[in-house]
Amino acid sequence: MTLSVAVAGASGYAGGELLRILADHPDFEIRTVTAHNNAGHPLAAHQPHLRSLAHLTLSESTPETLAGHDVVFLALPHGRSGEVAAQLAADTLVVDAGADHRLEDPADWAAFYGGEYYGSWAYGVPELIVGPDGAKQRANLAGAKRIAAPGCNASAVSLSLAPGIHAGVIEEEDIVSVLAVGPSGAGKSLKTMYLASEILGSANPYAVGGTHRHIPEIQQNLRKAGATEPTLSFTPVLVPMSRGILATSTARVKPGVTAAQVQEVWEAAYADEPFVHVLPAGSVPRTADVLGSNSVLVGVALDQAAGRVVTVLAIDNLYKGTAGAAIQSANLALGLAETAGLSVNGVAP
Amino acid sequence: MTLSVAVAGASGYAGGELLRILADHPDFEIRTVTAHNNAGHPLAAHQPHLRSLAHLTLSESTPETLAGHDVVFLALPHGRSGEVAAQLAADTLVVDAGADHRLEDPADWAAFYGGEYYGSWAYGVPELIVGPDGAKQRANLAGAKRIAAPGCNASAVSLSLAPGIHAGVIEEEDIVSVLAVGPSGAGKSLKTMYLASEILGSANPYAVGGTHRHIPEIQQNLRKAGATEPTLSFTPVLVPMSRGILATSTARVKPGVTAAQVQEVWEAAYADEPFVHVLPAGSVPRTADVLGSNSVLVGVALDQAAGRVVTVLAIDNLYKGTAGAAIQSANLALGLAETAGLSVNGVAP
Amino acid sequence: MTLSVAVAGASGYAGGELLRILADHPDFEIRTVTAHNNAGHPLAAHQPHLRSLAHLTLSESTPETLAGHDVVFLALPHGRSGEVAAQLAADTLVVDAGADHRLEDPADWAAFYGGEYYGSWAYGVPELIVGPDGAKQRANLAGAKRIAAPGCNASAVSLSLAPGIHAGVIEEEDIVSVLAVGPSGAGKSLKTMYLASEILGSANPYAVGGTHRHIPEIQQNLRKAGATEPTLSFTPVLVPMSRGILATSTARVKPGVTAAQVQEVWEAAYADEPFVHVLPAGSVPRTADVLGSNSVLVGVALDQAAGRVVTVLAIDNLYKGTAGAAIQSANLALGLAETAGLSVNGVAP
Amino acid sequence: MTLSVAVAGASGYAGGELLRILADHPDFEIRTVTAHNNAGHPLAAHQPHLRSLAHLTLSESTPETLAGHDVVFLALPHGRSGEVAAQLAADTLVVDAGADHRLEDPADWAAFYGGEYYGSWAYGVPELIVGPDGAKQRANLAGAKRIAAPGCNASAVSLSLAPGIHAGVIEEEDIVSVLAVGPSGAGKSLKTMYLASEILGSANPYAVGGTHRHIPEIQQNLRKAGATEPTLSFTPVLVPMSRGILATSTARVKPGVTAAQVQEVWEAAYADEPFVHVLPAGSVPRTADVLGSNSVLVGVALDQAAGRVVTVLAIDNLYKGTAGAAIQSANLALGLAETAGLSVNGVAP
């Protein structure tokens, strides 16, 4: 059975990546692509790399144009999805690649985003440990009609640490994460800081000191994995690569835990996962290894002298970090094969 | 007075940067450039950007060719400087840009480098706090005849944290540093991991889990700044920029310390420094801002929720991280103006 | 029916790209991967991005290990394929991604490569015009048992110009091509010029003045498209992108030819092609648009004042430039769908 | 004697480079920096790399703020300099880094720029051959009060070809130039095409087919070097490096000219130049070799088979291409040492 799909925000980077994956998905047919400022343009004017969709034209992002599809993917600026989604039929699967429905606590929303709060949806990271028995989030996605795809950075850090939190081998307090991130996560935002001349040849930190919007999302995830009141120092650094997140996260190891146990905890947590892979002890991933794929690679080490577990996780912010997570979650919601249409192999070099 | 200079290891990146700075230094005259494999070649074959030195030819790196100069800069692979330096006249100023004479504890040398230990020299980071009264390392460089230029990463992390350690506003235990670094720090080493195809478009961690050789050097520096037994989780990440280090370092804040106090501590520590600048609260540096200069820019923030001070420091690994530190230290040793021949302005964009 | 495949040279970039495409190809099963220096290693040590093939181990590249497969892809250094291929069964389809069997004239081989000449095979660019009637090369690939995949640069320039040569709207003399190329075309060759520090932030020309080995291959192709004695100034420039070729080629326009005619000639030549697309007048492609795909995008313009047609062509050197061409040609040789297993959409941004 | 200087447009890239060079110039004192939208801001907010100028504040770009200086440098969007300059005192040296006063023919201005034409000024490329006797443009700059700094691309191509035109060894018709250029030449223009995500990992051509505004400027220069009606196919390609131009230019060689003659012609033309260097036969430059310097490196080759001379020229678009040319010309106009304050050594790697 082929399901009809609409993608709103199709002229941006997240929208483009959704379309790129959907174009080769065996169960979906892209019927409608919409945009705001770019409505009326040929899709090819904004996504020249999507040759198989070069015949499509962008229509306006309205509830009317989005109505009548089996699945609607929203790739809109934050604060926009809530309003649009509220007008879509309840039995339509709506997957929001934006931030509007990720946070469960209105206070978090108010503190980090602001504006109207539209409530939270099923969170689109199937591999996340969410129960004391090690249950994964995928169980909550089966049959869902409203799904919030994760923040790419939040996804990276949460998947890095959830195994250790769940197994009780690391402390939940005093976690430190520093991320090297590509600028495509910011979309086509026309700000000086995203100009090529500003980013080429430079490493540029931002949102330093606890202000990044993905912090409450990570804390929410870690609480589901077993933490009570996790604290996190989080610093993203823009580096000159278009895609990718390399998240280096560290947490204090609990007394007596060995390096072998650490390796085993992470391996066990993701042993059966099709997309999350723990590398052999001593190995760490590069972002190039996952570029253009839904794969997540994690390396983990115990630094005895520092008393900390160090995880290094690589993820493609646009694929597994956004569009792939959305489609993987939609697969689960619709009862399709979870891996349908999703690539495990990266494009390297 | 013009002092005669020799640079050993002149065909590499550190050697090239030494020569680039020395070429415009008002007090030095480059008389000899030496190399090992490349001896006999014109310098221009290996340093085509050094137009003003295009007439020089590389001679062999031997005690004989290096003898008879007022100053000798060594930019040799680790393990080589000790032997060469031992054969140079005691009254010649020898500045080693390599690692051979940085570590004061033979056990550290044995654990992280190995091979013969040649003893430690005056450490070439003038701005480092090394006394309980806030005394700086520059006092130890005046008149010195043997100087060890610092490790670029060690310099970055030590300058980031020394003010907080000295002032007692951060804990010395459980420091975490993650660095985005350019590949030029590795020199012209012909390994697959340094090929452009491996590094372009990717973030590549290495030496994860407490194995990097700069860790004992940082600990040694922090002890001089006032720490007793500092512990440090240290992770470097290669990113696609030729030069630069962006060091994100965090440490637990001591109880009751405010953001204003934190800012004040760092500003006070570097208030009179010609090359180290603390940015206004709320600002963070980019590596592009210091590229091609001897400047170090530091931003500092207190993340109350995480209970951590976060410092972000930008430095050019080849300039202030290596060659500039060597020359600044030589200036001090020789009684020249500390800033002679050194640029404070970066090359951006 | 599933065909068994072996890939020789599987630890390199071209070998990796062959495997990446083959892994998702509906008709092939990768059975053997071989290497020379790296024999015995797990494939994952050299191709960590190929998660779906992480179970494979590299065996030695010998006629014995390669024997017994339906298809053998060779991704070996030039001068090596000829010898290996000579020992493979005549009814095995052998596709050489190297240079050994591209040139039809032994004098060209001697002048630009040297060493033993093993003869030419069917040339693996199906879209190339090779007959006065506009016949394409794909006809020569059906049923072939020995195929020479093209040089990536040669493919780019030949596809750029063949339509104009065939239609007689441009002169065959005095063609000029300048290419911006990524370093992955050089493989994992450990030379200083391919180090990241040499290539990041710089544009580096090489093989200037008519010495590049793809020149006779381009001339051979243009002769098949209708030229008699084509002359070509060809300059490649390494730029800091891991993949991609942006070929800017110009040729003198024949008298009286209009811009509309030029556009029409190129559009007509590739109207039915699944992988080669002529952009609308006024548009030009970027290499990002074809990265990770088998697509070729061409923009064409007539510069009346200069009296020249300008073509700008974007191609992924590892995909359509090498591995994709090999697999597309194999599809044709084996009677499979020409497009089987090949992506038309690029990975951008 | 110290001369007072104002820089208009000081918050942009060209303005920043002017300030960076002027800051270390022995004869100038930067007294005023102005901007349009950014007036009132600290300079450091827009030029954080200029530590030695961090005390300056941007004032409004008006004739009043610019009045009363010995030298005024204008780094304004095209179409703005003419109006401002008309209101500055006649005996003030005004150097325009913009395009407003480069073109001598109002028809060229109308065809490629449009809007009011303000007339041409002395052209700021001292090394350009402008007379049948080989006279250089520097003679026309001595004592000048109004100077037009060149277009960076125009400068690159003109310096590449003028020796061959002047010596009569190449044809003036049918020149082809293809340039790899960094995005900083576009300034801080907020357009999607200049976003880092669009440029990282990609080669992006623009202004294809004879529309680039530097074409008439190049033709004007080549006429001064001896051409009558030069024709030029000119294609710029944006590549992922912040700075630099690598210009590959080719022209048909005149009959009977040898490779040795070609090398000799170029060497003779620039033998005494402090900033333009012809590399030995067989060598070509990289943009990294001139980054951050006023140097121009040229390699030249004769491709006998193609019948073309190929020149490859590297220049830093912001330094020698813009700000360095402006200051070098100002030095000449004011009777200072031509090389005062200008670097010959590049920043590499």
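To keep things simple, chains are lettered A, B, C and D as they appear, and every chain counts its residues starting from 1.
The rule is short, and it goes like this: a residue touches a chain if its C-beta (ideal position, glycine included) is under 8 Å from a C-beta of that chain, and two chains touch if they have at least 3 such contacts.
Labels paired with UniProt names: A, B, C, D = N-acetyl-gamma-glutamyl-phosphate reductase.
No experiment lies behind these values; they were computed from the predicted model shown.
S.K.: Can you spot which option in A-B, B-C or B-D is basically A-D again, with over half of the contact pairs the same by residue number?
M.R.: The pair repeating the interface of A-D is B-C.
S.K.: Using C-alpha centres only, name the chain that sits farthest from subunit C.
M.R.: For subunit C, the chain whose C-alpha mean is farthest off is B.
S.K.: CA centre of subunit A versus CA centre of subunit C: separation in Å?
M.R.: Chain centres of subunit A and subunit C, defined by C-alpha means, are spaced 35 Å apart.
S.K.: Hey, what residues on subunit D touch two or more of the other chains?
M.R.: Only 13, 184, 197-198, 200-201, 240-243, 285-286, 288, 291, 348-349 qualify.
S.K.: Examine which chains touch each other and state the graph shape they make (line, ring, star, complete, other).
M.R.: complete
S.K.: If you look only at subunit C, which of its residues touch subunit B in the complex?
M.R.: Residue positions touching the partner: 13, 182-184, 186, 188, 190-192, 194-201, 240-242.
S.K.: Contact residues on subunit C for subunit D in the complex?
M.R.: 174, 176, 178, 180, 197-198, 200-206, 208-210, 215, 231-235, 237, 239-244, 246, 248, 250, 252, 284-288, 291, 299, 301-308, 310, 312, 314, 348-349
S.K.: Can you check the complex and tell me which residues of subunit A touch subunit C?
M.R.: Result: residues 13, 16, 20, 23-24, 47-53, 184, 200-201, 242-243, 277, 285-286, 288-293, 295, 297, 318, 343-349 of subunit A touch subunit C.
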